[in-house]
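Two complexes follow with chain A in common, the first pairing it with chain B and the second with chain C.
Let's turn to the complex of A and B:
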């Protein structure tokens, strides 16, 4: 038992690490430049301020975000790569260096070529030479470097440039190293992933590129709304499904049971977005006559007022009635049929006869033996439903315009707000792992058949 | 019996009649009572135990709590008294009551659970105890001790007991008077001694005669049908065989070549894994087994449940891989064969199981169950040929053409076992492994199947490994016997030697535990 608990808890950390790594990989694969978006938010437009200022600001923000760190704890790179390539922030520059390196497999030559070039760029005055050198350094494809160099030689004649040109000559020649076994680089904890995941757990998830506000603040506000939806929805579902399941298990063939379960399956079979839309049209407008216009129009303004999320939720509680109603009605069929089947399965067990033989009445047998045992599988299902409905709240929140996690996700996707998106993805991942952990531990605690090993006979 | 206590599940119902319960001078018809009233009789005045004690307990509640519940139900004021429970459990001869009280059902052995169930039934000192096959599924040694316990409790608590069993030996040991039932009707009743000495109905006679004898063996066992058809049961066929001819057959077999050679066979199962997946406790199911099987021989393997008999069978069939050792079939080590070679070899080694319900696909007709085996191993046969072959096979095992298109649920237990046998012999195997293949059948059907198997042995030149816990069945079937205990062979030899003159303590214990009449 203890060994199972320890094993299960130890497994928690690698799963979080892997989920994080996968999310981070996706995060890095997204094409947007979040530094540029953040600069724009602070009023630094590339076209408006001087290039030099923009560049230095860019660098400052980028290193604040830790973009000059290596991506992961380790890397496998070709043998001729330098150990510090990650320090180059500009994606284009990095690509040019990598191209140069694969053309001429010698970091010493490539780095001195770039160094000489940069020195020239700092000191040369004429715009023309500057442009030429920049071209040679960052624009020309390494394969074309030799031809471009010959034409540039005509213009660049001053003696100061000659060292640069000599270096360029060396780099322009192809050099292939034959030793292709990659080298292993170990960066330790000062890497982007480590910073990202430790920031995630310390609650500093960065800033939203849409409004510059901290991501955690946005998420925690949205979480309040979603959690109230999930908790209300789940509790009502359980409160209705369990008695319904019991009732239908005990009166299996009555007409009422069949009618009701068919009705709930009908709603279960309907796509949630369609059902929710019908509810909105029917119950919040006077379109079908005034008597159907029971609930207020959808829409909650998340920004109005300074009061806390809790008081906002309380103030808008009437707005939650219809969405909760949709969630509950949609999931009753599933949960109640599980309760029903579970009860029927338990009543076929021999221990039911034993209980009756002891002299317990049918009723006492049911409540003392069958019912508690039948609820065991529900533990796993309900615990699994929490993260699922956290992720699945998107449809309901969009349709009912509730500023929850799903809605935030939806808006952030359209606003390219990757910090928010991946924070939510990661949050849902972590909640899922934790829920299943709790579910497994709880189930094994409640079920002695798992708790104790079969082999240990008394 | 369930109907007396109003425990018949729908769609069954009690059509009529009455069950009168008399307590001193007050008599009540149990069937006319309301649910609440009958509940006050159950477990209080009438206790009941049945087979499969593991399923009889709620798996997620401690035994102690379930026992206490039986007291509280009828005596709401009685406090939870651990001492009372402890006394009760020691009354049913449980050695460490404290630990049992604190255990869940899956942590106890079958014998312990059966004792706990008895404890629960007698907890309120009922006047009647209904015991429905209480020892079926327990091995002989445990069975004996449970029966002894019931016997002593009966006199100690001054209970009446209704004892239901298919095993006449058990009945003979337990009952004062007997009622014989067939198809829901009572065919005979009387004092136990009278019935056993002088049975009147053919069915009772068949029950008594159909049980193979432990001391002598005959060529055939008389069945109910034989009696109904006036077959002369005093003919030589049913008489004990002379020792001389048994010895002759054994001598002939001794000179035959070895069909199967098992050498140093071992297999263990991991029961518990440590923190990093390393096995921390193992059960050695089969330990260094060596055995030879001659062509045409029937080898019996005896042992209580958990002795490794079935594991040995599945190793011989290469259904599981061994940890160590070899199994050679006609000189070929079957563990070294590749998949294709193994598949061709499967034809030569067939098995029939105890669980006849599970061994047939419930959604397949008899014909398709056999057809599938034929199609795999005789691809050249066409549909018509296969059908003819199936019908002739069914006739060979004593079924008729009308069984061809039936589903397993439309067949009786005996018929199902015949279908399994037909399927097994359809491939003309040389070795047939019978794993407790008659244990689930009642005595007269068991006799039919045993007769059939012996006929097939002679007609098809089959060699057999016959696994059973029942020594009298083994005696009837086998030329040689192995006694197994916790994975090891403890004794082996010819039935006439082992059963008359056992050398090992364990064998003696097994023999002593057999209920007899």
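Let's turn to the complex of A and C:
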């Protein structure tokens, strides 16, 4: 038992590592520039303030976000690469240098070309020369460098420029090889991935691009709403479907049972978002008769601001009735049929006959022997239902305008708020992994007949 | 092999086949069911088949009708005409149509009386036409996404279920060398001027050379734990919150088309198929007929293709049927959230989401939702039936 527990818990860490890597990978593929959006929030508009101030502010924010760190613990780069290429934050600038390097595989030449160019740009006065030098420095295709150089040489004749032009001459010549040997770079723990994971678990997830508030603050506020939806939904489902399952197992053939189970099966087969939409459309307004506005409309009541989330949720209890009702009604059929099948399966076991032969009453046999055993599979199913109910909660929150994490994710997608989006994805992934872990541990603890290794081989 | 007749013998199977073939017909003949052009018409003494002509235009074989002159067919005085049942094209806004028209309300447009059988939406687009065209999109997304997950699931299922942990054997140093050189090759692809094809061919040549040479090298042999690796992969994919990941991915792509949607959904959903195929293969491998096949010298390929797959097919079909339902639901929920395809692409989910804007337009909530519901239930019924047939035959 213990070895299985240890093994199962050890499996938890690679899963977290992989989910972290996956979200981090996606995070790095995001199309918009979060630093620029954060700068805009702080009042640093590009083109309004001087370019120098903007650049220095950009650098400051980017290094706060750790964007000047290497991506991962290690990297394989071509032999001729510099060790600190990651310090260049601007993507355009980095791509330019990488392009030049793959045209002329020599860092010493490329770096002195760029250095000389920058020095010239600082010291030359005429706009024309500046423009020509920038054109050469930031050439779009390194293959065009030599033709550009020839045309520039006619105009740039002053002796100061000649060192730069000499360097440009060197770089413009192609220097590549058919096979590149990599070199291995080790960065240690000061890398973006490590920071991403450790920041996630320490709760410092950065700032939201939409309003500048800390991401963790936004998520923790939203989490209260989602948790109350999930917990209320699950507990009402259990409270209703366990008695229903017992009742239908005992009166298996009555017409009422069949009618009710068919009704719940019908609701269960309806997609949650359709069922919820139908409820909202038909039962929150008086369009369809005098009595059809039995539920309050969607959304939550406006509140004064700094109330605690708990008091906000309590103040909006009546707004939560319909969403919870939708969640519960949609999942009753599934859970109650599991309870029913499990009770029927247990009542065919030999121990029931033994208990009856011992002289126990039918009732005592049921509650003392059958019932606890029948509820065993329920434990894992309920724990395993947590991830699915988070996804269900997302749709419910969007339909009913409840500010939970699903709604937050939905709004953040439209606002390109990547820090919020990927923190939520990571959070949901971690919750999913943890709930499967708890489910497996509970199952093997409660039902020692089943061992992990045996289950694996089936 | 499960024939349609066997499925038809069950009550649920009848429903499933009926509903699925109904939607299949709609998807195939969508252009003839909902179109603002007539199927057949006579104009100025000449006979035209505008809907068929549309296919020719689409293929670039035929030019536009010149006499139309940017006018719509409704504005022409046709001598004879047969119009489709639904006289609207999905996504097109009819100028005379009003927003939120009730079901079976009709209006005059040019020389035609047009009827919104299932009502219209906030900008006057016909709901019935949207559902008909949406059928095609939904079914093709579900079909091709399942095809991709089947392909991936098939490869991984066979690798872990048939080959497992103890059949792929090689020299330890050969393996380490292989890994080293594969990394080197792909390094050339990403940093040097090697093309993708060259890197792929080089990798393939390297792998086959090592597999050919490795048993002859002797030395320390070790088993490649394929099953272990793939099971860990399946576990990770199982704990991925599909809806959240899908939303994040679509947000990054920002303008997903049907193709990217298919690929993403297909990649997210392979793990169930791989798991079931693996379990089936593990079960079937113990049978005597596999031992006999091995005894008469059948190759691995023959055993897999001739003996294992036909026997694993019934369980696979069950999973595929349930997976089909899941894919349709996933696609509908993201279109419902408005994050899937672009707003001009009308799907079942996108029509349903419009119901949230106007609660008095009940037809926007009922009809597209019913289409999703029917299709999902039909797939689930098909899965149930296949499962039942499976259980009885074992």
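The rule we apply is simple: the second predicted complex is superposed on the first by the 441 of 458 C-alpha atoms of A that agree within 3 Å, B and C clash if a C-alpha of one lies under 4 Å from a C-alpha of the other, contacts with A are read in each partner's own complex, and residues count from 1 in each chain.
Note that in this section a contact is a pair of C-beta atoms (placed from the backbone, for glycine too) under 8 Å apart; a residue touches a chain by one contact, two chains touch by 3 or more.
Being a predicted model, the structure only gives us computed values, none of them experimental.
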item	value
Touching partner for A:255 - first (chain B), second (chain C), both, neither	neither
Touching partner for A:127 - first (chain B), second (chain C), both, neither	neither
First, second, both or neither for A:285, with chain B first and chain C second	second
Contacts of A:359 with chain B and chain C, given as first, second, both or neither	first
Larger contact residue set on chain A - chain B or chain C	C
Chain B versus chain C as contact partner of A:52, first or second or both or neither	neither
Residues of chain A that lie at the interface with chain B and also at the interface with chain C	456-458
Chain B residues touching chain A - in the complex, by the definition given at the top	2, 5, 7, 35-36, 39-44, 47-48, 50, 52, 55-61, 66, 69-70, 73-74, 96, 99-100, 103-104, 106-109, 112, 117, 120-121, 124, 271-272, 274-275, 281, 283
Chain A - residues contacting chain B, complex	3, 6-7, 349-351, 353-362, 364, 368-369, 372-373, 376, 446-449, 452-458
Touch list for chain A against partner chain C, complex	11, 14-15, 18-19, 22-23, 26, 29-31, 76-78, 102, 176-180, 182, 269-271, 273-274, 277-278, 280-282, 284-285, 287-288, 387, 390-391, 394-395, 398-399, 409-410, 413, 416, 421-422, 424-425, 428-429, 432-433, 436, 456-458
Contact footprint of chain A on chain C as seen in their complex	183-184, 187-188, 191-193, 231-232, 235-236, 238-245, 247-249, 251-252, 254, 279, 282, 329, 332-333, 336-337, 339, 352, 355-356, 359-360, 362, 365-366, 369, 372-373, 376-377, 380
